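Each of the next two complexes has chain A plus one other chain: chain B in the first, chain C in the second.
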Partner chain A sequence: MANKISDETIEYVGILAKLELSEEEKLAARSDMERMLDYIDTLNELDTEGIEPMSHVFPVNNVFREDVVTNGDGSKDTLKNAPLQKEQCFKVPKTIG
Partner chain B sequence: MSIRSLTAVQLGKKIQAGEVTVREAVEASLAQIDSVESEVHSYVTICREEALKRADQVQKMIDAGELTGPLAGVPVAIKDNMCTEGVLTTCSSKILGNFVPTFTAEAVKCLEEAGAVILGKTNMDEFAMGSTTETSYYGVTKNPWNTAHVPGGSSGGSCAAVAAEECFCALGSDTGGSIRQPSAFCGVVGMKPTYGTVSRYGLIAYGSSLDQIGPVAKDVTDCAAILETIAAHDEKDSTSIGRDSYDFTSALVEDVKGMKIGIPRDYFGEGLDPEVKEAILKAVKVLEEKGAVVEEFDLSLVEYAIPAYYVIASAEASSNLSRFDGVKYGYRTAEYEGLHNMYKKSRSEGFGPEVKRRIMLGSFVLSSGYYDAYYLKALRTKALIKKAFDRAFEKYDMIIGPAAPTTAPELGKSLSDPMKMYLSDVYTVSVNLAGLPGISIPVGRDSKGLPIGMQMIGDCYQEKKLLQAAYTYEQTGSYVRPELAEAAEKGGR
Partner chain C sequence: MAKQYETVIGLEVHVELATKTKIFCGCSTAFGGAPNTHTCPVCTGMPGSLPVLNKQVVEYAAAIGLATNCEITQVCKFDRKNYFYPDNPQNYQISQLYLPIARNGYVEIEVGEQKKKIRIHEMHMEEDAGKLVHDEWDDTSLVDYNRSGVPLVEIVSEPDMRSADEVMAYLEKLRLIIQYLGASDCKLQEGSMRADVNLSVREVGASEFGTRTEMKNLNSFKAIARAIDGERQRQIDLIEAGRAVVQETRRWDDNKESSHAMRSKEDAQDYRYFPEPDLVPIVISDEWIAEIKARQPEFRTEKLERYNRAFDIPRYDAEIITNSKKMADIFEATTAICGKPKKVANWLMVETLRLLKERGQEPEDICFAPEHLAKLIELTEAGTINSSVAKEVFEKIFDENVDPEKYVEEKGLKIVQDDGALEEVLKKVIADNPQAVADYKGGKEKALGALVGQTMKAMKGKANPGAVNKKLREMLA
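Up next is the complex of A and B:
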């Protein structure tokens, strides 16, 4: 079974992935994805009827702990990594028009 | 014998005995870095001054009797996807080219508290996505056994650094074989522990349900000592497991009498290099002669592990890597129009092709309309694979097979065909899907002189069985060094 990925799908996935691909990259992404999906389709040979999807190998549940502050104010150091900052805040482009 | 040819545990003993100072050990590693790094390129960042300063601090604590463990004073290298406070952590990506973490990963912290001295951060495939260390933004790492070949990946820098004696041991991370496969290619010992054994806190996530930090070492003794140092329950990692025991070094016993070893026929079929096959079966024979009970069996489902793995790993990666948006840290594009354009441009310019490929695939399999057909199907397959292993471990103490179908490929031969590269992970990915421990140990070399690695897979929490069998095998021969490490010692370089 050969998968065909449309231009629209690549556009849509690009939006989900927050990636801006060049025309060349889009072509490559399309053929890469088609090949991968053809390969992934071999999973359809397996009968998984009634098998629960296993997201975790161990039976783990949410782990809760008290929300106790153990560190000090690290905002100055944290902000050092910010591409842009202003008045002790991360600076981003205008978000509301 | 030079200092740097010692194993980590041997060095630690000499440091405790006052025969070698920590500074001498660090200087020996740095001298080797100076002499071979231009050829091998194991490191992204070398912490020369910090390491020397730390050496003196650690020495004082050893002299005061405050640090008595086996790794006190031992120079180590850390894969560049583990956060290190104040030290550049790039994940070998352009997008983290200027990222200096404000905290240290728990596993690294454990090593530091044990007195290890960090020499630097090692090269890797970008965001650990790759099997050759060629997708790094900071140049390729070369195999110390033959610099025309890759070291494997994604922990290629850590494994090459240990083999080239640019450090005494290292930490790597393993999502689909990223410790075991490069360890095999570089002729060192590498272990992926049971999922949840080592804290992932501070490990930059790729596939969170599969990622696990583990040791890369010259021998099994070092491997056990490192694991014992870094394994601990950590409440900062919600998937960390509280184990009954964190003792691993007591497994270093030469005895495999009665141990049941399963040899999966499906791991020795088509696609496996005959020289690799022969070396592994020979090593299995050694264990059999020492009293292990060896039996062939059919593991089944082996061909479904890779497609399931790439769906799950890519899905998790697309989610995990959404945090790289040019706002709080890392690369931001120079020019942009509005917030979304800034996100898109920063990410598109900051990520390399392999990372983009996996983010795209992951976003696709998680998108509505495809989620059930791909993502849930892969999770169901994972459940079946886990069951197949459960059945095997009802009969066997461990499963033995190759770590990779071939020895290290030549540089530049793998990336042109990603599918082919993915297929080379056939023997390692299922171990991550099932959360099992696995170790790769050197069992000889092929006709080109490249190392061959044997993979031993255990049931959950059975690291000690693996260490014991690996240790027993190791007693039959001594650690072989690459010529590059020996030549430098003779002053040939």
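Up next is the complex of A and C:
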């Protein structure tokens, strides 16, 4: 494998993803990610000089909605997804501010 | 000699757009609904749901871009900004990083006599997050997703401001442009306009910028001014003590008038942006731009010039009135009906502003009909009601939009034109107040005022104080 991922990078990606990984999982994740990067490297073999970056896979643009209210009170369905709730709100561990 | 420091400030201003629905779904954006009633699978990030862009968001954003002299990005698209926080149900915010809708603009501000251009780096469209409320009882946080998916534009300035005054002038300028466009009501208190302040200090004459910090949670003009002064001093103190300013996000606490660092290193600002795959690119044609341009309203600067030409009112009045689009609209509509610009201006500048202040409202909250103010002015001019009754009626118009003609009729507030009735009352007042009468006859002019007051009271305000005064003098002569 050409790409090497450091311990710090694995640690950092774990923090960003809010994942707590065991040593074993870290090893597995590292080898997965190294293989992914190697795979992506294949693309570098192509000459993309002068080719505009693709912004979307479909050749479609300007798909819009008109500004008209179509949804009613969705609180009942939405709150079905709340493990804890209070006063019609999702109750979560205390956040700063 | 002590070192001289210069403050360098750039602003990120978030503005909630005045659309009826959210940016990517048909949920209402109305403020103040019961928690989570304006939600659906799209704005709560349910797997499999698909966003569809609200066309009006593009129209408003492009209109703001054009009004702030920006170049419109004619092929623009959305990106995902990834972060985890309970107010963000998708775990990413749909925003624009690579191709924002507008770039390279400026607005001109005036501070004192000094004119200055503040450059706009870029402006992008994005969705708002939900609202977190701290629950003291449980020591938990409660999340309401009604605001999740409300459309925002974020306007990022260049670091062109050097003082709190310039920042205020810039914010006022943006507020006026956006309110005139009808693109947002720009209320800082309700959070429909929010500003983050990027600030650094450097020694006067230095060419390099110092390390900047970003301050959040500034929800009034006063808080912004205080936070700027506080942060400037904090950074100068650090530098003078030989310590470094750390690049960080700080949260301003307006009650404590101090800030604290918000994000630690653990929460690195690494948003791992990537193109949003669920939304297709937006192509804004020359024709579309021309259409939006054609719809641009008369802005404040032009309005001030026109008022100067068309209406016989002082410049000061025109400035106050045009400081709010709503106020200017009411002024023009009322003047068109009654043809008395100065009278209309007076009602707006004195009584309207007083009542707004008393009610804790802003000019954009005014809800009375121009027809009613015009009628009130006509009633006063015709001498049908006196000025103190007019004020009372105006309060009713202001609060309940009552028809003044009907109201005056129903409440019997018309000035009593019957001279006989007035004479009867006067006779009684004179008889009841021998001391005041004697004082007046003895040369005390002030005593007459007391008698006029007694008469007005007896007439329940429905007399013309001038006429009462005149009649009294005649009777006591």
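Side notes on the structure shown:
The working rule: the second predicted complex is superposed on the first by the 85 of 97 C-alpha atoms of A that agree within 3 Å, B and C clash if a C-alpha of one lies under 4 Å from a C-alpha of the other, contacts with A are read in each partner's own complex, and residues count from 1 in each chain.
We adopt the following convention: contacts are C-beta pairs under 8 Å (C-beta built on N, C-alpha and C of every residue); 3 or more make two chains touch, one makes a residue touch a chain.
Keep in mind it's a predicted model, so treat the numbers as computed, not measured.
Put chain B and chain C next to each other and count what each touches on chain A; the higher total goes to B.
In the superposition on chain A, A:Lys4 contacts neither chain B nor chain C.
By the touch criterion defined above, A:Val69 reaches chain C but does not reach chain B. Once chain A of one complex is fitted onto chain A of the other, the partner contacts of A:Pro83 are limited to chain B, with no touch recorded for chain C. Judged by the document's definition of touching, chain A residues 12, 16, 18, 55-58, 60, 62-63, 65, 74, 77-78, 81, 84, 90, 92-95 lie at the interface with chain B and also at the interface with chain C. Residues of chain B that touch chain A in their complex: 98-100, 102, 195-196, 209, 235, 238-239, 241, 301, 303-304, 306-308, 310-311, 318, 322, 325-332, 336-340, 342-345, 347-348, 351, 353, 356-357, 359-367, 374, 376-384, 386, 418-419, 433-435, 460. By the touch criterion stated above, chain C contacts chain A in their complex at residues 19-21, 25-28, 34-41, 44, 46, 52-56, 58, 75, 77, 82, 84-86, 99, 132-135, 138-145, 217, 251, 262, 266-268, 270, 272, 275, 277, 279-283.
Within the complex formed with chain C, the chain A residues making contact are 12, 15-16, 18, 55-58, 60-71, 73-75, 77-79, 81, 84, 86-97.
The part of chain A that touches chain B in the complex is made up of residues 9, 12-14, 16-21, 25, 28-29, 32-33, 35-37, 39-46, 48, 51-58, 60, 62-63, 65, 74, 77-78, 80-84, 90, 92-95.
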